[in-house]
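Heads up, the next two complexes both have chain A, just with different partners, chain B and then chain C.
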Partner chain A sequence: MTTSDLVLDPQLKYWVLLPISIAMVLVGLIRNNITTLLQPSPKLQPYKQERERHFLDRAKSFTAHNHILTPEEFATRKQYLLAKLTSNDFLAVSPEEATTKQQDPLAQLTDPKNNEMMMNMALSSILNYIPQTVIMTWVNTFFSGFIIMKLPFPLTDGFKSMLQNGIATPDLNVSYVSAISWYFVNLLGLRPVYSLLACQEEADSIQQQQQQQQPMNIAGPGAPKMDKVFKAEAENIQILTHESIYTGVLQRVLERNGL
Partner chain B sequence: MPDTALLKKKLLHIAATGSVSQFTPEQLHSHYQELNQFLALHKDTLDSIELFNLYELEFYSCILTNHDIEAKAVIDLLLDQFQSNSKSQRIKLLQSIYYEAIGDGKQATQLLTQDPDELSLSRRLVTFSRSDGSDKYIKNLCYYLDLQPSDLSAWAELGNEYKKIGKYQDAIYCLKEILLHEPLAYPVFYKVGLYHYYLFLQELAKPKTRLHDLIQLLTQARDNFLVSVEINDKYDKSWVGLYILANHEFNQDDKFKKKTEKLKSLVQKKVTELHIDISSIIE
Partner chain C sequence: MNTDEAYSNANIKSNKDKLQHVQDITSLVLGIASGILTLESIHGFLLYVIGLTLANGLFYVICGEGKIDKYFKSPIQEVFVSGIVGNMPGFVMMWCLVYALVSTSA
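Moving on, here comes the complex of A and B:
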């Protein structure tokens, strides 16, 4: 069964198709800029946490590369690291303090760090939803049931639900696009346009740099407790077997040179 | 006319590695001119990250070539750009370097002590005590290393300071700390070997030293040189070290001669292979 072509008023192009597209692009750009402006500036870690992280690093590198030490050096370092890892010397928050904090549920809620993170998450989702809702309402109110364009190529029936949302004509050729569907197509497909217009590439690389500079926040909510991590590392060190790189080095070098 | 893209890459590489601090005066001079010219001609084609990285590099080049006024201009430019984020450690660091360069130590110190969380500023603050003698400097470095126990360049600096006052054992400890993080750093192995040799010489000069200890030190020196050449076969410094050890009067003794014979011939071979002019070094 063939359906004859619909005749579309050319004015639809100027008064519906273009306005929707332009509005989407502009709102997207504004949203992009606002998100950049609202991004919190990277914060410094408190020095105690940095110290803790550095010390853990040191212990880990000892576990990984202790073969470069002589047996005596290995013994002294092992003793030192075990003593420090099992004491509270390098912990940013002593275990007692941590448990009292944990027991108090109010402290979790009033913790400024948690609040800030929640605030950021809320802001970013609000910035996503509000403009979308507004534009969708606008399109739905003014252009509901509009068919605004015909795609210049044929499509299978599978695309019907995607391209002809909001109009109840089961037999219409799939190439015709309704206003609300055009909105959805724009919503999902405009990302490359935004990045082109907003020099996103550079912005992305700036963001990447910031993330690189900021070490992973190991003390964030849900992270393992540092004293447990320290204890685990101490156990690792306890069971280390040491083999020095210096044993037989002369023989190895001589052999490699054919002597 | 050099290729601009290549030149840009080179300058950005220098900025990223900080190798400008190790340039010879001639290199520094030509680098300074090159950078200035590049910035004047191609400023507009760079993206903002590259541009400000190069400005930072220009600041360091200005300071190193005694162009104080230009350095100030670069700082002002950076401040104009990043005024909203005046908490930036990176800019404060540059400012403190500028103040130190014009001799205003007080202001520089004040800038560096504002926030204990700004650890790269604390590190810079530690270096201010260089002029107060080794002991104070070492104390400050130790304090800093207690805060940042895996800052490798600080460990290297501490090792260097210990070496200056002849505490080779401590210096070796510091270098080993670097090796634990970077187990393939052959120049550090060479240095450890060298310090063992220095320690040997120090002990040798003392009236009552057990022969066993001396041999132990020499063996350790040899082993470190050997590990260094095991990692990089062409590292001539370590071969020279081995040459000196193999020809040391200690090893001429009949007891040790047999053991070192092979090593001696290997070192001799390598020294000729790598065209090392031993006579000029030993003198």
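Moving on, here comes the complex of A and C:
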């Protein structure tokens, strides 16, 4: 370890280091609050669509858990589900209507529902980018051109152009960095601080966004037609081989208890 | 019947959140500690890895109550391995901050 050969003014940390950190924490908290305020309240779906979805769920859970049914129960349910899945009873939009509606791709683009979704996505990404650009410009204009701190670990020379931006000392150790790199370290490292301050709820906004987008995709314009999904599920049920857990249960229980 | 279905996804997620909370606090505290000790380069990272693994071990023993696979799908990997890299930035930030505060005040 070489001895520190640069003496940094202690005032630097009070007037550069701490202000940047505090500003970033506060901006992050404000952004968190704004995103929760702007979150759209979930809209009511038309009852037919909900019914369609739930019926499909029911068929799927039947496929997944059919082993707990006795053979008679299985047969009745299979018959019922097959009949309903191939008919139009539970479809929100009957196939004839759907084909006429979907023929015009332009109509989908101008659909107000889709527009609103895109607006929300654009808004959330804007909320992510604007504060960061603002802080970065602020750091760059106010605190550029001098070294503010020494990092506790060595870095390779590749980082020099990025971390010592605007400092014209080509041979300086890369551990001495300018304000912009403190900004980057903060940008990466503040997530735990946010999550502690925001009661761990809205902290991981990226994760939340991903979760929100998943249900949207199902209803999106590229989604498969519901009647096709129903047909596929009907085929699944058709080829299901049923093995009830009740077959031979007496024998197994007796064996297990050593009788 | 696969055993996956015996887990409730919501509960698994809440368990992960609790583990994350523990790791958040641990990495920040370790950052402060290594900053105060003015550790440099590899020593700081060693302190981080050892400290976080210690905290994870305590979580494993105390919160897991001896049957941790009830609460996590793949306990060893989730508790000990996956948090190490993800919590690194928080640790580095605290380390840099406190190191800068301590080392220039001489």
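Rule of thumb we're sticking to: the second predicted complex is superposed on the first by the 163 of 259 C-alpha atoms of A that agree within 3 Å, B and C clash if a C-alpha of one lies under 4 Å from a C-alpha of the other, contacts with A are read in each partner's own complex, and residues count from 1 in each chain.
Here, a contact is a pair of C-beta atoms (placed from the backbone, for glycine too) under 8 Å apart; a residue touches a chain by one contact, two chains touch by 3 or more.
Here the structure is a predicted model, which is why all the values come from computation and not from measurement.
Engineer: Mind working out whether A:141 is in touch with chain B, chain C, both or neither, as first, second, both or neither?
Structural biologist: neither
Engineer: Please indicate which partner A:191 is in contact with in the superposed arrangement: first for chain B, second for chain C, both, or neither.
Structural biologist: The second partner, chain C, only.
Engineer: Examine A:73 and indicate which partner it touches, taking first as chain B and second as chain C; both and neither are also allowed.
Structural biologist: first
Engineer: Quick check for you: in the superposed arrangement, does A:8 touch first (chain B), second (chain C), both or neither?
Structural biologist: Once the two structures are laid over each other on A, A:8 reaches chain C alone.
Engineer: Given the touch rule stated above, what does A:41 touch, chain B (first), chain C (second), both, or neither?
Structural biologist: The answer is first: A:41 touches chain B but not chain C.
Engineer: Considering only the touch criterion stated at the top, classify A:153 as touching first (chain B), second (chain C), both, or neither.
Structural biologist: A:153: touches chain C, not chain B.
Engineer: Have a look at where A:62 lands relative to chain B and chain C in the superposition and call it first, second, both or neither.
Structural biologist: first
Engineer: Quick check for you: in the superposed arrangement, does A:241 touch first (chain B), second (chain C), both or neither?
Structural biologist: Touch partners of A:241: none, neither chain B nor chain C.
Engineer: State whether A:51 touches chain B only (first), chain C only (second), both chains, or neither.
Structural biologist: Touch status of A:51: first partner only.
Engineer: Show which residues of chain A both chain B and chain C reach, each in its own complex.
Structural biologist: In the superposed arrangement, which is not itself an observed complex, chain A uses residues 67 for both chain B and chain C.
Engineer: For chain A, which residues count as touching chain C in their complex?
Structural biologist: Residue positions touching the partner: 1, 4, 8-10, 12-13, 17, 21, 64, 67, 148-154, 182, 185-186, 188-193, 195-196, 200.
Engineer: Show me the residue ranges of chain C that touch chain A in the complex, using the header's touch definition.
Structural biologist: Contact set of chain C toward chain A: 1, 5, 17, 20-21, 24-25, 27-28, 34-35, 38-42, 44-45, 87, 89-97, 99-101, 103-105.
Engineer: So in the complex, which bits of chain A are touching chain B?
Structural biologist: By the definition above, chain A touches chain B via 41, 44-47, 50-51, 54-55, 57-58, 61-62, 65-70, 73, 90, 202, 205-206, 209, 245-246, 249-250, 252-254, 256-257, 259.
Engineer: In the complex, go through chain B and note every residue touching chain A.
Structural biologist: 47-49, 85, 87, 89, 115-119, 122, 146-151, 173, 176-177, 179-181, 183, 220, 222-224, 226-227, 229-230, 262-263, 265-266, 269-270
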